[in-house]
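By written order: A, B and C. Residues from 1 in each chain.
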Amino acid sequence: MPSDATAAGTTAAGAAAVPEGEARSLVAGHVLEFPGGYTRTTGPVIGRFLTELRDGRIVGVRTAGGRTLVPPLEYDPDTGEAVTGEFAEVGPAGTVESWSWVSEPRPAHPLERPFAWALIRLDGADTALVHAVDAGDARAMRQGLRVRPRWKAARTGHITDIESFVPEVTRIVSPVRTEYRVRPGKALARFLDGVARGVFIGCRCGSCGKVYVPYRLSCPECGVAITEEVEVPDTGTITTFAINNLPDPRAPEVPFVSAYILLDGSDIPMIALVGGVPAHEVRQGMRVRAVWVPEEERTASMSNIKWFAPTGEPDAEL
Amino acid sequence: MRDVAVVAFAQTRHSATDEGLGESELILPVLDEVRDASGLRTFGFTCSGSCDYLAGAPFSFVSALDALGAWPPISESHVEMDAAWALYEAWVRLQHGDVDTALVYGFGKSSQGDLREIMTLQLDPYYLAPLGLDQVSYAALQASARGADRAELDEIVRRSRAAGRDNPCALDLPDPEGDGYEVQPLRPYDVAPMTDGAAAVVLAAGDLARELCERPAWITGIAHRIEPHYLGMRDLARSASAAEAARAAGVGKGHVDVAELHAQFSHEEVILREALELPASTAVNPSGGPLAANPVMATGLIRIGEAARRITDGTASRAVGHAASGPCLQHNLVTVMEA
Amino acid sequence: MGNRCAVIGVGQTHYTTKRRDVSIAGLVREAAARALEDAGLAWKDIDAVVIGKAPDLFEGVMMPEAYLADALGAAGKPMMRVHTAGSVGGSTALVGASLVQGGVHDRVLVVAFEKQSESNATWALSTHLPFSASLVVGAGGYFAPHIREYMRRSGAPEHIGTLVAVKDRLNALKNPYAHLRIPGISRQMVESTPMLWEPIRYLETCPSSDGACAMVLSSEKAVTGTPAWVLGTAMRSEPIFRAGRDTVNPQGGKDCAADVYRQAGITDPRREIDVAEVYVPFSWYEPMWLENLGFAAEGEGWKLTESGATALDGDIPWNASGGVLSSNPIGASGLIRFAEAALQVRGMAGEHQVDGARRALGHAYGGGAQFFAMWMVGSDKP
């Protein structure tokens, strides 16, 4: 569970059925970033371009129709046919075909000071290359402007040449990172409100009568809005489970047991950890009760439930 | 082809900020609305559009099935594209002749992330994405290639925002002002506003459409085309794929009363008007268009829905709904609807 | 079902842990070019392209149909991107077939791929959003409890999973494209590997592969070469959190199979289907799907596996290609099932050909066993 969950406090929510309480204003940062960056194999055509780039040359590739594509693709973009194997050095100088001006560069941009994005037709190429132009001022930019590449001292074979590298270029590293501010949604926020108080909040569908935990706004079977809220006890029955031998940051140790637990009075099991019992003594039908973290440590999050532990009652029939 | 019509359309009251609803919670009211409007509880086919990177997690569409109440199990598919392409898939499915109704929906919460940078991830991963070329920057490159007139762009924004203020579902945005650039030549107001929202459409075929809706919006043409990706390998000043899609859909076969265009930047409207060969007498984006509300992944579907609404409410007899995808109008879908 | 549709070309890449020698475009083009070659066609002969893959997080390229449009010869044509979780490969074939069945196009190229080596599948599938109320660890962690429940309900002996793990890897030795080709694969070898998510052992799980698969689908009038006729198509989806959902024998799978059998005129799948390519990413899913797809009565699927009926020389071979257990470029895995079914009825499956196969089932599933895509193909025109 995220440790940086905070109450935003000022968020105003719209509709009437908004639940009250701490969870309503929950918000947390969320980052999607594959550690180290994606490893991209380039294939022969992109690899050739990037290898030449590292050597300070720009090459294009000839299509069967006689055009020179820069940057080179493995295929003619218009027909899908494979390009010829013939590469030709182009540029290094070229002509700006069109441009836009960034006065406030963003962190991912190649330059930290204002610059232009441009479509640049390199001498000898039949297509335009997209790159940045460091022109100092927007007034220096114009269509037809002649430009030359400024090479990085340490080139690696990357469209931005940002890091040094020695062997032949066969791949690039491409960090991909997107950031979000994520809120739990109305239903989950209501459920976490209960969890913050040490109770499980569910709901009963007015159409089919089934009781759902966690609380939700609509019935997955009937597709209708659910209005009746119910609290269910923190005891239940293990319907089935897995013994996990691969470590996970959310589990204390391996092996750990993740189980489907049908809370008493509920019609759908929820997945939770089982603890307080050796993994291989866990059984289908075993009766369990939630073990809550001490009240002073509780937040509006599922980490309030340390795990479910056996109650010692006789097994339930499945 | 089999006669298929839009018989119901609903959209959320779109929001510029995160209202605390999850994606699947966003679609609940619009599903209820189109089910009520069409009188249908089940559909022969269901298709949706959404985007994992917008949601920040894989399988963003899975929980929508629970909101929908997909029971007994439904015949269903999903496109990782704007839901306008889900509508296209549903229209194709209805051509088989064995099912007569389809439910289409799309949803997105742009407020959770930085759309400008998320959209970088759809670019060529070797030559473009590593440059950090963001959505507004590449759009500005296209605006520059087009050489759009500033006064014309300002008028497009002024008209769109005024229309948006009259549309209860669109955002309430003031007349454009200020002379600063977001990325020159685009000003901040040339860029569609960040929006959360969802939309749903019901399609029906043949006589059933007539039973379900007094004035169905018959789809008389629908087609889409994509063009080469790399920005330097196509003519950014115009949209060849939009023009081809428009020809294939038959836009020019009659007068277009209303066109709803998926222009997320003011200059895109200029390019699209030309590509679709729309005369000055066509009302463009009377809903306010994406410049007044842009719930990404639903925006294109909303264009079709808004155009259809002009048919069903009797204010138009022939309307065009357009959707776009990919950087710089790379991919365009055109739908012609008639009374 | 609409107009007649046939598979006239199939192309696959070799499946392997890391394809270091190609770009993403190069990978999909390899499969697509082979499918075109099989059909005797060129890029210009294709009317539309449908591409499918699992979550974009695997490669970090969002909505890659934009970047791959011209790589797949789609410039000036319609192109679509399908995503229905693990069933996506199957759904991709069905969306392509639908374009032909609906009379919209005559020749459609369908392609599915995954280049998992660009990142890491476990990472991509475990990017839990904040506030998530459930605890699921990878695909194995999700499916293991349902396998345990199957074992309890059916009373299946513990070695059934091992039998499937061995059988599918033996088949893979006859498939030149297969990823896991383990000489001397045996029960002992499987049983000596550790439990990852008990009751699933290491060698009872699928690998992580790079690869792509493509097919050319055609209308009746545009057929070239040897067709595999589409006899029936169906998709079904059901909510993951429905109270009372049977996760062992999901209704969606049963309904999907019933729909596709009805279209194909199948009343007794065990006897009327000659070979099946079924999405079995964990070995225990063979007996579970044998029951779900009507090849065996409820609780009896494991007996069919144990009897050897599903082996290559059995009376109803399942996964003659080696299946998902031997090759798993996730987004393509479903399409490979559909394509292998077509290869069988075209008599072009090579060393793993089932003699005289005339009717074959292709199957894919995804999500929490809640998304299903299936088709039946046959050598005879319907």
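The rule is short, and it goes like this: contacts are C-beta pairs under 8 Å (C-beta built on N, C-alpha and C of every residue); 3 or more make two chains touch, one makes a residue touch a chain.
Since we're looking at a predicted model, the values are computed, not measured.
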{"item": "Chain occupying the middle, per Cα centroid", "value": "A"}
{"item": "Chain of greatest Cα-centre distance to chain B", "value": "C"}
{"item": "Centre-to-centre distance between chain B and chain A (centres being mean Cα positions), rounded to whole Å", "value": "24"}
{"item": "Length of the line joining the C-alpha centres of chain B and chain C, rounded to whole Å", "value": "32"}
{"item": "In chain C, residues with contacts to at least two other chains", "value": "23-24, 57, 59-60, 70, 74-76, 124, 127, 129, 239-242"}
{"item": "Of all residues in chain B, the ones touching two or more other chains", "value": "53, 56-57, 65-66, 68-71, 118, 121, 125-126, 129, 228-230, 233"}
{"item": "Junction residues of chain A - those touching two or more other chains", "value": "30, 32, 38, 40, 42, 46, 73, 77-78, 174, 176, 182-184, 188-189, 216, 220-221"}
{"item": "Of all residues in chain B, those that touch chain C in their complex", "value": "1, 46, 51-53, 55-59, 61-63, 65-66, 68-81, 85, 88-89, 92-98, 118-119, 121-126, 129, 223-230, 233, 240-241, 244, 325-327, 330-331"}
{"item": "In the complex, chain C residues that touch chain B", "value": "1-2, 23-24, 54-57, 59-70, 74-85, 91, 94-95, 98-99, 101-104, 124-125, 127-129, 234-242, 250-252, 255-256, 259, 367-368, 370-372"}
{"item": "In the complex with chain C, residue positions of chain A that touch it", "value": "1-2, 5, 26, 28-30, 32, 34-35, 38-46, 73-82, 170-171, 174, 176, 182-184, 188-189, 191-192, 208, 210-212, 214, 216, 220-221, 239-246, 248, 250-251, 255, 258-260, 267-268, 270-273, 284, 301-302, 318"}
{"item": "For the chain A and chain B complex, residues of the former touching the latter", "value": "11, 13-14, 18, 24, 30, 32, 38, 40, 42, 46, 50, 69-71, 73, 77-78, 97-103, 106-110, 117-121, 127-132, 138, 158-160, 172, 174, 176, 178-189, 216-225"}
{"item": "Residue numbers on chain B that touch chain A, as the complex places them", "value": "15, 18-25, 28, 31-32, 41, 53, 56-57, 65-71, 111-114, 116-118, 120-121, 125-134, 137-138, 140-141, 143-145, 181, 183-186, 228-234, 236"}
